[in-house]
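Chain IDs A, B, C and D follow the sequence of writing; residue 1 opens each chain.
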């Protein structure tokens, strides 16, 4: 039985994301590298899904569909990780506390299992949210 | 190039011994000439003072620690930034001006040549980018050698010839001008959090003393016959009682004679001597050692010095003397920056407020003035503020006022909160000497040019020299009504020419001149040993490759001017 | 307020000091800045009434929607400024005297490096209230600030003197690096309170989300604060930070939390 | 026949590796092989050659399609946009050379723009902290030659700076560290057991967002003073042990990254880390260094600083330079609706800004100068592809420790393509005409 869970989201670099941005952000490989959310096995269990299931991540600032995968850099129960990129940035806390720096790390989010929702490509994801037509 | 005739000015030129006579100065094709044609543009200098462009022998105006100062002190620019106007780019910064402002401010005061006093070789590209972006003035930079691993290892075995070959290589790859030494051995010790406070403290691991480093570098410098001498900031800077370490350091020059083809006579230049002339055992009984230091220097002709005048401002201290800055932040608790540089040196930065209400600051102010007033030969003592350490270079006109007017000094002494302490701990009250315009020209033009080995090029108005000329709104025939008029006159020139191009008119920038980067190109015989050592250090210990270290392309030094030295017969 | 600007206005001339001795017409000619353009106050404001001869006898009342106006009361030294609506950054920044009454909210950097005078904010205050300018170690050194609503983060950073009273709650990092001065929080405080504090005093009437580990319990005291008599838990800190001595005794920052 | 170019500098991260070897075709037009680079660097060099690369400027059309335009038309649009704007934002600069940055500053000065680099979302808060309490640091060679204590706090070099550990920080054998990794103790502070943390002698798994408290606790522990039983999810005892490990080193280095600059407390996290470093210098020798991301974000800060006096977030709108992150910083300018034109170069705010700061870009005239297709080019009106800096042209760059290294050109850019600097010079000259400047 799947259920929604809330969790503390952080974002950051991964080597796969690094390779993907140099390989081309228009490519599917970028989505594979950064359109994901890395979860601790215990949190996958709380969510009630197997790894590699699409989920909707919702914060007070937006929502986005990404693939839930099991973390390779755990354990980190209670902490979720989305590589830096448009997917993470659709939901991170933009508050800068007047320092110029958004709060990219430490955004409370809700996870909802949405196996059939598609994960968008990076450029389209941003264009759609900005109301810009894609090719 | 156009011709100019600067007419009827009171000319002061120690190079030709001209002491204020009414004379015309002719300029053609960037040089001073005997006469020009009738078509020459005439500048009326009657009732004005005419001198060669001034020469800055020691300031921190370009490079990593200067820029670190800019980066970490936004408050130094608060409400002080200036807009683009006329030919001037935007500027900003009180104690650490931006590169553009640095060039404009020097030029407006009549300076046309300046030396960046400490270049970490690993950062040479950075230093030269800033020099390139500093308009108008010719600039050179001194690479630091006093804590360099090659130097420490060669001199431990008295290998002067190898040291010399290494210096020649370093000057070439960094486009450097002279051999700078800062807290010899002490900065390497600082890499372990330690220091060398006397000339005999051994350097950790390298087992060599500051004294051996200094003597070795003097010998290497004279072996090569470089334009400038070894330029030193001794150990134990800024501590009560440090004048003894300074004397020990000066004595290391005994017996050495200058050997060069540039007319230089000294083998050691002691910089910012004010910071090295302290007596007393603590900040309570702190007193001046200016007499002891100047007595020695007056007697020993193979030494030149600059002053390092405290200007009583809020400023930013910065030096390759890493341990000193750590000591300073412990005293004033202001923000501390430090950068240790692999195999070479270090640097520290700390803001400092020289408050007229603090007796130590007031005494430092007095010592900085005692030194030039006690020096018998103005050709061997040059005015600096060790910018920005003792104060910003933009305060030179104020320092000149204090030197030229006893009245101005007394006014300042009377304004101090601890006036009596200043008078009891220094002899500033008894010094009646007032520096003449001729002596000023020696201290700011002819003197530093000679010490730097630039006599043939700048610092004078002799036909054949570069046409660097400054015209001041100051009439030597009129008595000075108010000392502040001196400061006003030397703050903004009526006219300034930089190698024959007018760059300042009525205190405004009207041209950018042909800014040059001065460096010293030494020919030495092949030294495979040294090249092997260099190659090995890069393979094993440096964090960048030798090829990238040696790469200093045209885009860094677009307008180089090399002083050629042939040391193959040495 | 008329012709609302496309961007934001920098109205650093709206202060008794700039108005003093001027007629309505002259005041309307004073410059304001919208981006890189420099129009006049008159373009955006209807100016009524002449100023007094000096700043001290000049009172300014700013009406209308000034949500996108910065620098009201910038560097003011005397006189009075009343802002009827919510306004933007730098209200009373670098002020040295006089009185500002803001009836709405004010955004960040209000009373930056304030030296004296009084700032009353009836709404909420933004971040960096009474803090130092970037890089400076000299924050608010005198004067009084009263916030009737909540205050943001980093208030009183590098504070060296003066007093800030917040009737509501404060966000993270109040009084960071303080070397003097007083902060009274009637509501709750978030975490990071008094971090790296050298000297100064903080009173909190509500809860503290997470206490800094550098604050060491030092018993309880009976105190009267702002007319409230109560028992307070006393903490010394930030122990991790450097501290000076007075007569041989180490001087710490003081944090009092109402029990 | 092929040629091998040696001492090539990698234009990806702030590690700025300068020992790459690149094999190119005899005519210098094709890039064949890359040696010594990490996987990311290798991809950067090889992708520059991809067949589907856009080589001419393009205007975004209403229907979402792109219309190819000439470089001259692109120059005209850019210059007109900057000339008309009241408060343009010129953002990026971190993936181009210092020469281009310098021309960019001239343009910003003429158009009185706001200029900012990627420190805005990276180490901007580090710069604020440095301005508050300074920075005891060193060059990376010092770490290699001396460091026996290495701390990675909120950074994950195994992923973000892949060759950092082998070139400088953990494995190399230096002058005083002849045993390499054996000479060093590694401490990692991270809420996750990252691939870097897995190599650590000590891993402090700090509660996310509580770094400031943990740093304060370490400072208290150094003094041997009272501590609560647990701080940031870590027992006091473990904190005291860590403090002893730090103290017992001869030369220590703290590297830190986004984990602290982007978490709550931001600049204060760095501020406290620097204070800890300063404290440790009372016992032994310590330095601290930000793990800068883009290969030349540091250079952008240096050029801004010597020309304008501030390292990032510079506002020239009033005709002179001003600086105050929170007011003059890109994210705040965009989300607060302060700007009316967007110029992006050498970075990708579309991908790396929170979406609320990206939307405004789509609503104003905008230019994106970038060799790649990116989310930023995707929402900009004009996309100007340029030569790859560090691959198809050289120029000066600054490593994360501020050491300048001149990048090398290894291959020719595609026929007729301009470099950043060449394009910017054309824009500057046209802008001068429009503004009637000299």
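Here is the rule we use: a residue touches a chain if its C-beta (ideal position, glycine included) is under 8 Å from a C-beta of that chain, and two chains touch if they have at least 3 such contacts.
Just so you know, these numbers come straight off a predicted model, no measurement behind them.
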| item | value |
| --- | --- |
| Central subunit by CA centre of mass proxy | D |
| Remotest chain, chain B as reference, centres from CA atoms | A |
| Interface with more contacting C-beta pairs, comparing B-C to A-D | A-D |
| Interchain centroid distance [CA atoms averaged], chain B/chain C, Å | 44 |
| Distance between the centres, which are taken as Cα means, of chain D and chain A, whole angstrom | 22 |
| Between chain A and chain B, centroid-to-centroid distance (C-alpha), Å | 57 |
| Gap in Å, rounded to a whole number, between the CA centres of chain D and chain B | 35 |
| Sites on chain D at which at least two other chains make contact | 128, 131-132, 264, 318-319, 323-327 |
| Chain B residues counted as touching two or more neighbouring chains | 72-74, 76, 335 |
| Touching two or more other chains - residue numbers and ranges from chain A | 97-98 |
| Contact pairs between chains, per stated definition | A-C, A-D, B-C, B-D, C-D |
| Partner chain D, residues of chain B touching it in the complex | 62, 64, 66-68, 70-74, 76-77, 81-84, 87, 89-90, 92-93, 98-100, 122-123, 125-126, 129-130, 133, 191-193, 205, 326, 329, 335-343, 346, 349-350, 540-545, 547-548, 551-553, 555-556 |
| Partner chain C, residues of chain A touching it in the complex | 97-98 |
| Chain C to chain D touching residues, read off their complex | 6-8, 10, 33-37, 70, 89-90, 108-109, 127-128, 133-135, 137, 158, 172-173, 176-177, 191-192, 195-196, 210-214, 216, 238-241 |
| Contact footprint of chain C on chain D as seen in their complex | 85-87, 111-112, 128, 131-132, 210, 212-213, 216-220, 223, 225-228, 231, 264-265, 268, 271-272, 275, 279, 317-319, 323-327, 336-340 |
| Chain C contact footprint on chain B (complex, rising order) | 72-76, 78, 333-335 |
